[in-house]
């Protein structure tokens, strides 16, 4: 069993998560790590792996079979194009890009090169959602999808500034989840506001939103987002249809129930995405390996990435105009 | 302690529920029951209570201090006006009427007569919602309200025909609940369709809807309605704000959990509104008595009834036009 | 449909509960109430019902068909005998008596008179336990029964003094429940102590106990009792067998879950037995009426009462001797 | 940071779990694996690690600092003694031995050698129980401990034969847990039988038991064991005291709730101990490393192992004699 030789592009918070998972993943061998900023601990933690600052150096290395791109969103399209031209398989963090014309250019490059491409909508690979997805036929005809997706606290304003806004940065996960569960989206409408911190409006952003989607099969979805649920990261989904409902619940930081003289108390939801979705980052790489090694279908495709961006951009338009926006197909 | 002498107008399904509650309510004495169709069992069940067919006979009876109106919606305004002119206190089932001009006329008549008027949005008087309402300050600034309101099965098409449609017949309870919890509604948007039974479209109606409300304080609400949840009557509410979330859960038909070789199984939600909200029909009469006897504030006012109708009518308009509709004040 | 004419013997806390239920029960008519202490409100509350101080007056009244005995335990056997001799049907609060010889004498008197006799182990008539009992075959061969039965707070020492002790006063309900669910008890063992308040030892009593029962079919049960669960009245049962487990959970004082920055909080168990088992006091009377009117089998028989006392007395013996005590049959 | 050089003794089911955990544990380096039966896959899986058949070869290797003993119980004492004499730190699977005289001899050897010794009562290191243990003061004075511990299915009779019986093989975990939570045990009583499979009696064993413990502080515990819960591995604990109760619940194989027309269904408990307690096998090694490297207190000591064996043996005696057995101290 030969291992897939992979390079990690960008060694920030998420790049480190991937490094840890890849280090013990029997399908992969990390042969290079690339970041413009040198990490002080990397040499000690992984003395055998070359750390480079130049992405071209990675692409020029014939031993590299695949790249894992975790750079800021705006760099995704050009880095995808370069990797595709170099014949490398690509795993790219979400979203696939911020501008649709650039995204479509990258999409064409990948198709032309014929390399494997998987997008990192990691929640698709969470055990809860894999279970519901696998059992979705149990609900019969899909009718109503409800997604609650709330972060535990406002991000720094500095982050907000470059985030692309609530829809592109946060709700895009939920829009992808909606498509994953119920299929192609037809229209989007949205309401939202700066209910938590008005300072966010200086970046033309909101912190709270309710988005309604309609699907080509007639079903509907509602996504409610908040940047700050004081009780913790709230990630719930209900899929309702003609034969019943499938739902998950939050994962708590502990499993203890305390019955006291005042209240019955249970644990809070796990802190944030790195805790709640930890395993999904590992699972998505298993699917990626499976597509490269066994030609298995891509579990989260470039097309999925494009559609999610289209919905997010339309949600913003719907919010501003108060109109229902139709989603164009690729 | 003298009892309030009350007459029940209309002795159908809900009239019988009220009769049973009033019969053992220490604050009321039922002195007349009125329906155009004679009930075969009434004489035997309540031999001491006169049963009449003519509403005028009720109003002409000086012993009658209050009427409980449970007739079809279209009769409400004229019956309210007549009762008000006769100086009777009025408890009227929801909705207060179907046409806004008639409703406003009745509203003026009640104000002029100075009689007490309470509307039967019984869910306000349910223990769950009373508890959440009483504790609403615990969530801090209100931000997101989510109401799931699904019936256990499609009503007969014959019922649908005269029902006023999903928004006026069913969602109106949820719109009132939204105002009860979060205050005055500013706008409404809606999506919906005939996902359960296309036959419903012949009456220009839908069976599934997602309605988004915005409030004057900036908060938002989403109501999802379905005429058919195969697992039973689904009635849940989540009130989310800057300091936390208050939520209730469904009431089940039993409290037993069976752990078997295949699954862990618990009870289904109680069948329908007469089971789930049984106690609320009793509680709302206690509030009504309190307003008559002790001049306590009306717990569900004429104005509440008008606003709920306005929102329901606007939701229909929003559905048809795809627009966000602003709600006019009284 | 003629009503059963019943007299209530003892108008204390539990007598009042029965009076309220009987007043609106279509099967019964309360024709007398008897207590040695006159209740100040009774006359006003029930002006039409004669209140007497002499039990003999009740028995001498030919209109009285049945008596409901709610006096202190020590009076039960003689009052049962007198009622049986007078040909009255008998509903008697638990326990049936405190001394076995007296109890057996009363038992013979009831058999001889041929009157109906039902004992007030009200928990048998609770919806939760009725549901589990009705479904007990779902667990296959019964193997392990677990009953948690904890009061919300220590009773006054004065009550403890005359209570008969934890086993006779409190655990006797659980011993009856064990027989109700799993059948005839073969042996009993017990451990216990005064862990809450050592003052209880002056009355040779305990406040905390773990009792193990074995059944004739080989199954086993464990009952854990505490006089003080600070979080409220804890009443749970698990019936485990070869095909699965049936379990109930506590009823809470409200159905709201609050998710806050510190904890997720839900309601406490309902305060005590009058709240938790309120409906069972009504249901048991329906069964009693059914046995009188329709000759339906007695739902909680004299024999059930005798066996519960035998187990309770043996539990005390087991506690003192450290031995396993065999239960003698009637 | 130098790694602790450890050898795994016995490469069966549990040895492989430890090998996997140690392979990615930064505190350890596996330098040898020893088993009398060669594992066919080992060479390929871990080509760099020597696999030997002779335990003496391990002990003779000066590079080996610690041994992890996972052999059958009867070999534990002699292997502990040999390791101690060789100056190796010892991690030993539970139980520490089957005969008390051998166990005590090994105990003396370990004390004399001054090596670190940790016993593998892995449940102490489960997140649920670590959480309850850490918060045990929240319940105030401990009063009642309830442990439900049921396996998902009868083991093969061949396993039963050499298992030491239900108390030594299975309940011993629960007896250790009881001591871990509530402190030193004073007496034990037990009831049990062959309710699942009578064939087990040929090995003088039982498959179902209820064991009652009393503690030196007056508190009590009850442990109920079954070899076969058809719904899965049932592992629950409730610690009840003067200020409240701490309890955990089972971990389910998935987090999805399906609401259907018949039932509300949730996931079953995880299959068995390797699933339920997977993480604890990793955590216990972290504690072991901490004791070796930083001289941290032993988290599960030799004394803990001795006491658990004493309780298990006394439970058997209690079962046979029907007596309450006092536990002798070390």
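Letters A, B, C and D name the chains as they come in the text, with residue numbers starting at 1 for each one.
Here is the rule we use: contacts are C-beta pairs under 8 Å (C-beta built on N, C-alpha and C of every residue); 3 or more make two chains touch, one makes a residue touch a chain.
Note that the structure is a prediction, hence the values are computed from the model and not measured.
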For chain A and chain D, the touch-path distance in steps comes out at 1
Computed over C-alpha atoms, the centroid farthest from that of chain A is that of chain C
When B-C and B-D are ranked by contacting C-beta pairs, first comes B-C
CA centroids of chain A and chain B: separation to the nearest Å works out as 42
Cα centroid separation, chain B vs chain C, in Å, comes to 40
Rounded to the nearest Å, the gap between Cα centres of chain B and chain D is 58
Two or more other chains are touched by the chain A residues 229-231, 243-245, 259-261
The residues of chain B that touch chain C in their complex are 24, 127-128, 131-132, 135, 138, 243-249, 251, 254-261
Listed in rising order, the residues of chain B that touch chain A in the complex are 141, 143-144, 146, 148, 150, 187, 189, 191-193, 195-196, 208, 210, 212, 214, 218-222, 224, 226, 228-231, 240, 242-245, 322-324
Within the complex, chain C is touched by chain A residues 229-231, 234, 252, 259-268
